[in-house]
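We call the chains A, B, C and D, going by the order they appear; numbering starts again at 1 in every chain.
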Amino acid sequence: MSALPDPAPPPVASLRGVAKSFGAVRALRGADLDLYAGEVHALVGENGAGKSTLIKVLAGLHRPDAGTVALDGEPVAFADTAAAMAAGIAVIYQEPALFGDLTVAENLFIGRQPKGRFGLIDRAAMRRDAAALFARLGVPLDPDRPAKGLSIADQQLVEIAKALSRHARVLVMDEPTAALSGVEVERLFGVVRALREDGAAVLFISHRFDEVEALCQRVTVMRDGAHVSTDLLADVTVDRLVRRMVGRDLGAMFPKQEVEPGEVVLEVEGVTREGRCRDVSFTVRAGEIVALAGLVGAGRSEVVQAVFGIEPRDAGRVRVGGRELPQGNPRAAIRAGVALVPEDRRQQGLLLDLSVMRNATVTRQRSLARFGFLTGGAERRAARDWSARLNVKYGRLTDAAGTLSGGNQQKVVLAKWLATDPKVLIVDEPTRGIDVGTKAEVHRLLSGLAADGVAVLMVSSELLEVLGMADRVLVMREGRIAGELDRAEATEESVMFLATGREAAA
Amino acid sequence: MNRRRLTLLTAPILALVLASCSGTTQGEDQGGGPGGDASADPNAEFETGLTYAMLPKSVNNPYFEASSAGAEAAANTLGGEFEYTGPSDASASSQVSYIDTLSQQATDVLLLSANDPNALCSSLEQARAGGTVVVTFDSDVDPGCRDLFVSQVDSDEVGLTLLEMAAEQIDATGEIAILSATANATNQNAWIDVMEAELASNPSYADMKLVDVVYGDDEDEKSFSETQGLLQAHPDLKAIISPTTVGIAAAARYLSGTEFKGQVALTGLGTPNQMREFVQDGTVTEFALWDPTALGELAAYTGAAAASGIITGAEGEVFTAGELGEFTVGADAVVTLGPPTRFNAENIDDFDF
Amino acid sequence: MTAVEARSDSATATGSAVLDLVLRFRALGLVLALAVLVGVTASLNPRFLSGQSVRDLLFAAAVTLLLACGMTVVVLTRGIDLSVGSVLGLSAYVTGSALSATGMAVPLALLLGLAVGAVCGALNGAIIHFGRVPPLVATLGTLYVLRGVVYFAAGGSRINASDLPRAFLDFGSGHVLGVPYLFAVSVLVLAAVGVFLGRYRAGRDLYALGSNPEAARLAGVPAGRRLMTAYVLSGALAGLGGVLYAARFGTVDASAGYGIELDVVAAVVVGGVAIFGGSGTALGAGLGALLLTVIDNALPVLRIDQFWQQAIVGALILAAIALDRLVSVRAARALRRKGSHVD
Amino acid sequence: MTDTAKTGPRLREAARTLATWDAAIIAVTAGFLIVASVSVEHFGTARNAGYIVLDLAPILLLALTMTLIVTTGEIDLSVASTVGLTGAAMGAMWNGGMALEAIMPLAVLLGAALGAVNGLFVTGFGLPSLAVTIGTLALYRGLAYVVLGDTAVADWPRPFTGWTLGRIGESAVPNVLVPLVLLAVICGVLLHATPVGRSIYAAGANPVAASYAGIAVGRLKFWLYVASGAMAGLVGVLWTLRYSSARADNAAGLELTVIAVVLLGGVSIFGGKGALPGVLAAVVLLVSVQNALRLAHVSTEALTVVTGSLLIVAVLAPNALVALRTALRRRRPTANGRTA
């Protein structure tokens, strides 16, 4: 099972010294990876280590600035994704990208639908093929329904089926299991093993070491856009892998300060949004960091959005400092001292095209105005001040926020919220996609804020972060709070157990 | 917050506009009027070296192209300079800009077919104040705003001719309808009034009944579907009179492609080039129009006469318009080209406009 | 496994039922509106349903219908083509001139019109795709430019019916089995575009592009080529529309097709094509065009003041998009509820 | 449809080019005015400047609020129809014997109400503004015809019509310049130096992020539509009085000109970018080019082509520049790679 295939043939796919920058952001700086036929290769690394960029290079989505991509030992340069697909590379992306208006079957076969007479699409054949694929995955999905309205798990399954249908030589899976239930994961693994037996090369990206151990033969660790190590899985321990991923002492990474929690500041009672979350209740005290953990799609972001008022709630109450927040009114929440650093920095957090200055001050326009007018001076001073306090690295205050690196972008988002002097700070995936150094800075910042008496509610998919930072962990599953763990009880196993409702995969 | 800003936005403007006036309602006002001061010298020569500008309702219109040809010929004969200019859309606001430009350039004679009887007035006044003689043709403005109007025909005569042609074609018996231009078109409404009065008073038309007046807005497609609507609404319709070139062409095209061809008579005002086909295929027996080239020519001569001091616009003054002959200024400073020409299968090939 | 299959079957039923309802509801609504309008009009004036009257209606609908097909293709990709009126004018003038100069055969004239339109469409597509200019801006620009070109070319001249070959005019006014040739051409095009959009890979790619451009890129959909196809198609159909226009009216001047783009967009929107792409059918757009034409024709017959016509069209557009919104919100809610059951 | 992979560098480039676009259009306008004054007879006179001001007044006024709306990423195609409908309503009220002093504020209010209808459909029901305002474009124009039919109301009192054409005292400054400047300054300050303006940019740059930052995006847009409607109502009043003619087809088709100048002025159709000075310059440029062409006896056709081309080039040029720079930069690393 774990024996390596004969190393004599050249790797099916090989990346050497690949570098890629987006503006000021160096996403990859010399990444190496070899994939052999008949292996499942794990790629691990923290968020922002460059894994996703690496596979996008392999998929032909990004052209590398430097380095080579080779298939069967021959260097190739993919002009676009179609070229990569034609060469036998299929990718399941982390975030499902479906066509809401098309049927599920059509989503699977877009651009290569089976053709019948006169080149017409043979819809019956397409439906049949789709049904067969879903049967293979054991998924009860209707090929004829529109993709619009599918749950995240179902969307992910459609993506998996799509990749499988390509009969690829190289199958890349970017956290395919993040939203799946236990049964579905088992079936997927069965299919992947079968593919491996057939000689396909599979690149498997996951945060769950139990899955990596169950499925993979070799493991490559990446950090800060570069290759760190590649080993047979049998030769390394999880602890060592984690240390390589983090690249520094865990204590320095999660500088948790012990704080005696104060008064209850945030009270959430029975918050419900149809189809998203149900009857969620919890409290957060001053000086406390409470983590909201769970799988992707478990409803964590939906809860904090409903608390903040971005999305209306169907039922439930939110109180801050004893005062009830009106429904669906972020402005009132801000006035009451709530701040939300959202999950998706680019879509929800930043005005990418606008300047750093505008971004840093967007929450405080009114308080910065004099007699209702803003002339720029006050904004400039405030922006410079907060940028300095959070150590934001930027060229000019007038540069577009989109030109900053991920870490600095996140600092700008934090700055604009900290500038409102919040009593309750909600952070949703606060360190997603930022480099290790900044990550530690953000953790230190959160810790310091808690020490100053701010109530912090943190949504995070990164278990290490949850375990390292939280005083209490609330675990969500399918829209409900499945359980609460205090710092002492919270371990990787106990959190995952609550999150998935199953024991760690064998 | 925002509400306050809105008021901020609008209040001062309103205040400005409102300032200095109070309680002005319809019918209170009016001042100004034509002031004929200079006296005419009927024996004066036409001046040479005058600049003429023709401003049609819109360029890209064959009818006005024909008028401009006539005017240009007259201008050349009189030793003047001629310019044909105008907007590509038939709107009063664009014409205003052109009038402003022409008056700046101190054009001597402005030949204008107006898109709106009132909207052009203030600009025309400025032009006239600068010494430009304003002669309207084809479509008039308020008489106070121009020097002379060259009318294609006498309203009465058009109305009577139209009615006469229709009566001849249907033996003066049965239902008739009118497909006009726009509902507020001055010319058409005057002709329709004449026809209505004549139908009511003239015993020889006692068996003819005007059942409907519809408006095709001088748009081809609209006129087309209005014709169609007429025939559906009035199954016993015998004749359609369309006193507009766009209307009659559209109606003819509609009739020629239907079972009504030859059954429902169609007459009105049309250009020979547009109607030739329908006269030849029997859809239309006879229609009428004035000659737009002659109209343009007369307009140019009228303008030249006024600019040379031969006429001032007072009723009864006489001048000679080249080969067109002698013309007399009528009431309201109107010069009339003459009776409309009738076109039918016999003579239509003699005309090309 | 059997349990799974059973579930799958029931899911099939509900899933497609919802989808069908949404789709059919749209077309049904239009057909219903058409039927009511025609019914009411005919009951007040039976001649509205006479052969002649129906033919007139089909004549009037032909050009809008044709242009609506092209517009649908473009709108599906999240685009818009405001230049169709000017393209129509240019093509009508060019073919008209060519016809009067050479007396060429009808099919040749149709091809010429298609070609003129396709060139204009390619210009639009190139500006949008290579120049990365938003479609609204690009086609607003070409609306001006192409109209200017027509003005230059035509000036104050007009092509009269007498200048055009007899065969061409017969084509314009003739009909077969009570159906005007012009309408037949439009319906053929509608069917072809319908099949292209529904049953060909390239057509489905257009839906994909409009539904989720980013996903389309990931899926390897050749966005550039498809966009070019869409705009060339829209242009070509507008060009063909120009020939039909010339044939129907017999006279062509520089203002041919002026302002028609709004009618066409209205038809498409009323026909249920989402203005932000991804959903809608050529059939729907065709029905939308037909409905607008019927309204146009019914008003004079009903002796309703014609001044109401434009207001009614406006109200109809608002009603159509509001209705679509309502339906899609309902459908989304239904699908989500169903989705959570499957979990 | 944008290429997210290259968003970073492209955004920066685009931001920089757009910043200069403003300056460029102002420079071009200034240059044109100078050249035309020298080379076109009658162009550089005070009288002609007065005509230019009169001609650009309605375009400029509508462009002011249009700039605000387009900056939030929306569009209002119904402005010209609103001008027509308010004018028609004025005519009907005047015929009904009301006092003009009462009619004028009512017309502006009517405009605001029509704008509120747009705003309600766009923000309340969440419908795309392009489709909504195409609908109201037809609806409002249609209602104008319903109100006034094809008739024109022309007997407006002299003092009022005279004011719209008149000049301040003995100077050559047209009266209408006063509200123009006033409103331009108000809108300019609102957009560039108040929290509301900052919110407008934020809402246009990223409506989701803006609402996360506590900006009531829907409400903001609603009130901008109301303002746009009120402005159109005001233009309806000015238009009617200037031409002393209330007609249902007043200002027909003007919406395209207004959109054209806003885009030409460097405002991004996707929102979040642009500035009022550029738009003002674009209005002046367009109208004075028209004016100069007329004075120079150049045919109007040329103008149609020029307007359209300018519009495309205005958006195309920055993009082309970006593409060129990216292409150049892409070549560089490859060269480095070879030497390394």
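Simple rule for what comes next: contacts are C-beta pairs under 8 Å (C-beta built on N, C-alpha and C of every residue); 3 or more make two chains touch, one makes a residue touch a chain.
Keep in mind the model is a prediction, meaning the values are calculated, not measured.
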A-C or A-D, whichever has more C-beta pairs in contact: A-C
Inter-centroid spacing, subunit B versus subunit A (mean Cα positions, whole Å): 73
Gap in Å, rounded to a whole number, between the CA centres of subunit D and subunit A: 42
Whole-Å separation of chain centres (CA-atom averages), subunit B against subunit D: 35
Junction residues of subunit D - those touching two or more other chains: 149-150, 253, 299-301, 304
Interface hub residues of subunit B, defined as touching at least two other chains: 59, 88, 215
Junction residues of subunit A, two or more chains touched: 61
Pairwise chain contacts under the document criterion: A-C, A-D, B-C, B-D, C-D
In the complex with subunit C, residue positions of subunit B that touch it: 59-62, 64-65, 88, 214-215, 220-222, 224-226, 228-233, 235, 249, 253-254, 256-260, 273-274, 276-277
Of subunit A, residues touching subunit D in the complex: 22-25, 56, 61-62, 65-66, 308, 310, 330-331, 333-334, 340, 342, 347-354, 358, 361-363, 365-366, 369, 372-376, 399-400, 402-403, 416
Partner subunit C, residues of subunit D touching it in the complex: 1-2, 4, 75, 121, 125-128, 130-132, 134-143, 145-146, 149-150, 248, 253, 256, 259-260, 263, 269-270, 299-309, 311-312, 315-316, 319-320, 323
Contacting residues of subunit C [partner subunit D, same complex]: 78, 80, 127, 131-134, 136-138, 140-149, 151-152, 213-214, 223, 259, 262, 265-266, 269, 275-276, 305, 307-318, 321-322, 325
Of subunit D, residues touching subunit A in the complex: 5-9, 11-12, 14-15, 189, 193-195, 197-199, 201-202, 205-206, 208-216, 272-273, 333, 337
